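Accompanying notes for the structure given below.
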Amino acid sequence: MTNKTLRNNIAFYAVVVVIVLISVFPFYYAILTSFKTGTDLFKVNYFPSSFDFRNYIDILNNGKFIRSTLNSVFIASTTVVFALFLAVTASYALARVRFRGRGLLLMTILAVSMFPQIAVLAGLFELIRFIGIYNTPWAMILSYTIFTLPFTVWVLTTFMRDLPVEIEEAAIVDGATPWVIITQIFMPLLWPALVTTGLLAFIGAWNEFLFALTFTASETMRTVPVAIAMLSGSSQYETPWGLIMAASVLVTVPLVILVLIFQRKIVSGLTAGGVKG
Amino acid sequence: MFKKHTLTNSPISSLQQQKQRAAFWFLAPMLFVLLCVAAWPLLRSIYFSFTDTSLTDLYGGEWVGFKNYLSWRTLSSGRTIYSGTLVDPAWWNAVWNTVKFAVVSVTLETIIGLMVALVLNAEFKGRGLVRAAILIPWAIPTIVSAKMWAWMFNDQFGIINDMLLTVGLIDHKIAWTANLDTAMLSVLIVDIWKTTPFMALLCLAGLQMIPRDMYESAKIDGIHPIKVFFQVTLPLVKPALMVAVIFRTLDALRMFDLVYVLTPNSTATKTMSIISRENLIEFDKFAYGSAQSTLLFAIIAVCVALYIWLGKLDLNGDQS
Amino acid sequence: MKKPWQYVNASFLAVSIAASAIHTAHAEEIVLVSGAVGKDIEILKEIVKPWEQKTGHTLTVFPMPASTTDQFAQYRLWLAAGNADIDVFQTDVIWAPQLANNFVDLTPYTKDIINQHFPSIIESQTSNGKLVALPFFTDAPALYYRKDLLEKYQKAAPTTWQELTATAKEIQTKERQAGNDNMWGFVWQGNSYEGLTCNALEWVKSFGGGQIVEADGSISINNEKAIEALKLAKSWVGNISPAGVLAYQEEDARGVWQTGNAVFMRNWPYAYALGNMETSTIKDQFAVMPLPSGTENGPSAATLGGWNLAVSSYSTKKDASISLIKFLASEEVQKYQALQSSRLPTIMSLYDDPDIKQQQPMIAQWKDVFLQAVPRPSAPTKIKYNEVSSKFFSAVHATLLGSGSAEENLEVLEYELEELKGSRW
């Protein structure tokens, strides 16, 4: 290894370390705080002074919290599957088929995401009670499409448009239907985009608070962010900081694992050579 | 670069028809769902903004036209008094705050996000772990991370002041969220920390869609990496980047939860969403708040349209 | 939704328990929504057992996040949409007039018990002659002070704000000279939020500057006394209080206090028990007293807090709900809560109760504080209270930050409130 590449390597890893440090430090601080109780919460530490798992035990002994996590898993996964299914088909039409008004249609879809959440709350609440899905997971799944669907449609449309047309033409010549083209040819090429939008939509649904609070009316239906907001001290004013942090750590870890599993798919499935071949 | 859409002049017109029929059926479910979920709430908000509805009596509002936006009355003395959101200084202060916030945060997030994505696009040991690590800020629920940062920003027992003091960057404890001049900075820091992963991940997906061989041919030709970035990478990743920026701008202009937790009611950070929530829920001005939400909607629509036009974003896919 | 078997069950109960219970036509399930706070929910479930046995009804508690602004938003929306799923709401003391239209008038049902409660609380829950909610428990802040530090520097506990300022400054300076760099004189809640309205109302009121909007609806805030009060408060920031106090809410103040870094603190009763925890730096080294007054021998003022119970007009089980809240507001329940979770009772006679005096001496201490409690102007300003409060705390916050003088800001505030009021509140 020459000096220059060595120097470049060191610089590169230094950048990686800085990025990781900044991203992870507040999370590290959350872990640190989750081991604290009482007055220690108000003291600054950089390293854990003791490992007190009391907060974690309290959280895990709270049956409602586990129930909330399961609710969130179900709601977020269903939302993602639902959104990706609708978006993949729609974005094929928007990206690969020529028809008038595509730009306008895309803008209309985007417009759905332009209202502040709080403003649509009243109307959405009426709608959900009208359909009769108030206080069920479907209320959340349906309302989350307001922000997941425009996003997934737009991202997938952009990516699908960039796929080389030769691939599609070859398939058409072989007699493939649009459905086959989407599922057999485009999907494998789109893995990085699918996984990325899926992950982002999953996290968005997982973390949503306002709709989840408004559309539930029983403790067993609540999702994780609401359950965390429910953790409380012995009075209205006390914030049970250690507990909240322990809960946040517990719900963030599954997300990290999820990313670890799926990130392998964020790898190029496409080579320019493959287009010609 | 490969040419896109050479089908433009395809001789097989029946194939086009078949595709268009398929397109309709592919679009229908998505449009149906969006229509069901979004049409009623959105139109209702807009309708409310032209009435005098209050939350005490949601169904008793009467049509008042543009009164919530702008109305005026000329007094007998000849003086004209204007009222409505469009002449409300609090509203314009919020608009200014929001735009400032959106421009700064989106610009910085895009630049940093792209840089992070370039790093993550390289192959190195532990790449998977690093990718997971950078997503953590995005993964922590905002209600929690905003409170956590509020704690870290505390002037007396917050870790940020402690760190800066130890390093010697500041000589006295700063009241981050209390001062008017640092409040916006605090919000920006947290927002950039929180949403850069979103940008980075979308850029990464864009980078991964670029065929590897393009780099290799550039490498063989001995082109300088920076030149490669500007001449090969950037143009290819641009569509993905543009979409990421649109969605970030949308979110930034609707900025709510972070400010709500970190600096509620500070005039330096009040955003359009915050002020419209205040009127919708806290104050007895539901219709007025609806008018502000509708204006926010209009402002976003204009911004996005401008952006698409200026960025020459090709919505129809007709270019090339 | 009721299932048929529940009715069967109900009639069984009705027969088997007691014919004396008038409300027991059906056994109803009452849903009570309340800000979830610690063990309160468990205690609540325990408390209602006698009621459940007597009436055959059951209570389901639906907890909400502890943030009162979040609660208020949800309740408003639910009530606006006529949600019949919730029967009883636990409401903050300032909400009564704003939500009055959606709640049942309790006046006819409570004639027999209304006189037991503090008149000021009942007044705060009355809007246009309609009793909107029954008091459940009350709350009022006090001045926390460090006994050990006052003793060390031979100072008396301050009775006026000026005295507090001087004492705080002296102890802070001397403690810092002794090497305790992080010591501050006085911490309170200066963030621009409802809590600042409470703090500032106490200063203004104790200086004799009125209570922002008086009971008859007149706007009194722009006066000499109020200006003097705000000027004194302004002088604290960066002097005896950290500059960051302008971003503090209750927990931030407690953080500084409980790590032993403040001589005085203004806070609610909750900080008492927490300050005496095992891990607390200041365990057994502090005491509480009423907040100082603005003038020598003048009155002190503490902002009235506390929670109440209201019945939704959209409830389909109003009779059972009313019987529930009457039970919860009763003397026996309030006493039980005082003993179990040191809630301040709203029934006057309980402050002289021997059991409470013996087991919860802190509550007896709070009686003096409570006698000087001042309500926020939620009753006269009715549905516009939140906006009034927001304008008030924004003006105060601006003054404390130094953007505009007290004179200017209060004058502008007066004008804005006049505009808001129009011909009447």
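Order of writing sets the chain letters: A, B and C. Residues in each chain are counted from 1.
Throughout what follows, a contact is a pair of C-beta atoms (placed from the backbone, for glycine too) under 8 Å apart; a residue touches a chain by one contact, two chains touch by 3 or more.
Quick caveat: nothing in here was measured; it's all calculated off a predicted structure.
For chain pairs B-C and A-B, the one joined by more C-beta pairs in contact is A-B. Greatest Cα centroid separation from subunit B: this falls to C.
Subunit A and subunit C have CA centres that are 39 Å apart.
Averaged Cα coordinates give subunit B a centre that lies 38 Å from the centre of subunit C.
The distance from the centre of subunit A to the centre of subunit B, with each centre set as the mean of the Cα atoms, comes to 16 Å. Multi-chain contact residues of subunit A, defined as those touching 2 or more other chains: 42-43, 121-122, 126, 229, 239. Each of the following residues of subunit C touches two or more other chains: 77, 80-81, 255-256, 259. Along subunit B, residues 58, 157, 277, 281 each make contact with two or more other chains. Residues of subunit A touching subunit B in their complex: 12-13, 15-16, 19-20, 22-24, 26-27, 29-30, 33, 42-44, 46, 86-87, 89-90, 92-99, 102-103, 105-107, 109-124, 126-127, 142-143, 145-146, 149-151, 153-155, 158-159, 161-162, 164-166, 168-169, 172, 177-179, 192-193, 195-197, 199-200, 203, 206-207, 209, 224-225, 228-229, 239, 241, 244-245, 248, 251-252, 255-256, 259-260, 263-264, 266-268, 270-275.
Of all residues in subunit B, those touching subunit A in their complex are 2-8, 15-16, 18-20, 22-24, 26-27, 29-31, 33-34, 36-38, 40-45, 48, 58, 116, 119, 122, 124, 128-145, 147-149, 151-152, 157-159, 162, 193, 197-198, 201-202, 204-206, 208-214, 236, 239-240, 242-244, 246-247, 250, 254, 256-257, 272-273, 276-277, 280-281, 289-290, 293-294, 296-297, 300-301, 304-305, 315-318. Against subunit A, in their complex, subunit C makes its touches with residues 35-39, 62-68, 70, 74, 77, 80-81, 83, 85-86, 250-251, 254-256, 258-259, 267-271, 273-274, 277-281, 341.
If you check the complex, the residues on subunit A that touch subunit C are 37-43, 121-122, 125-126, 129, 135, 213-214, 217-219, 226, 229-230, 232-239. By the touch rule above, subunit B contacts subunit C in their complex via residues 55-58, 153-157, 173, 175-180, 263-267, 277-278, 281-285.
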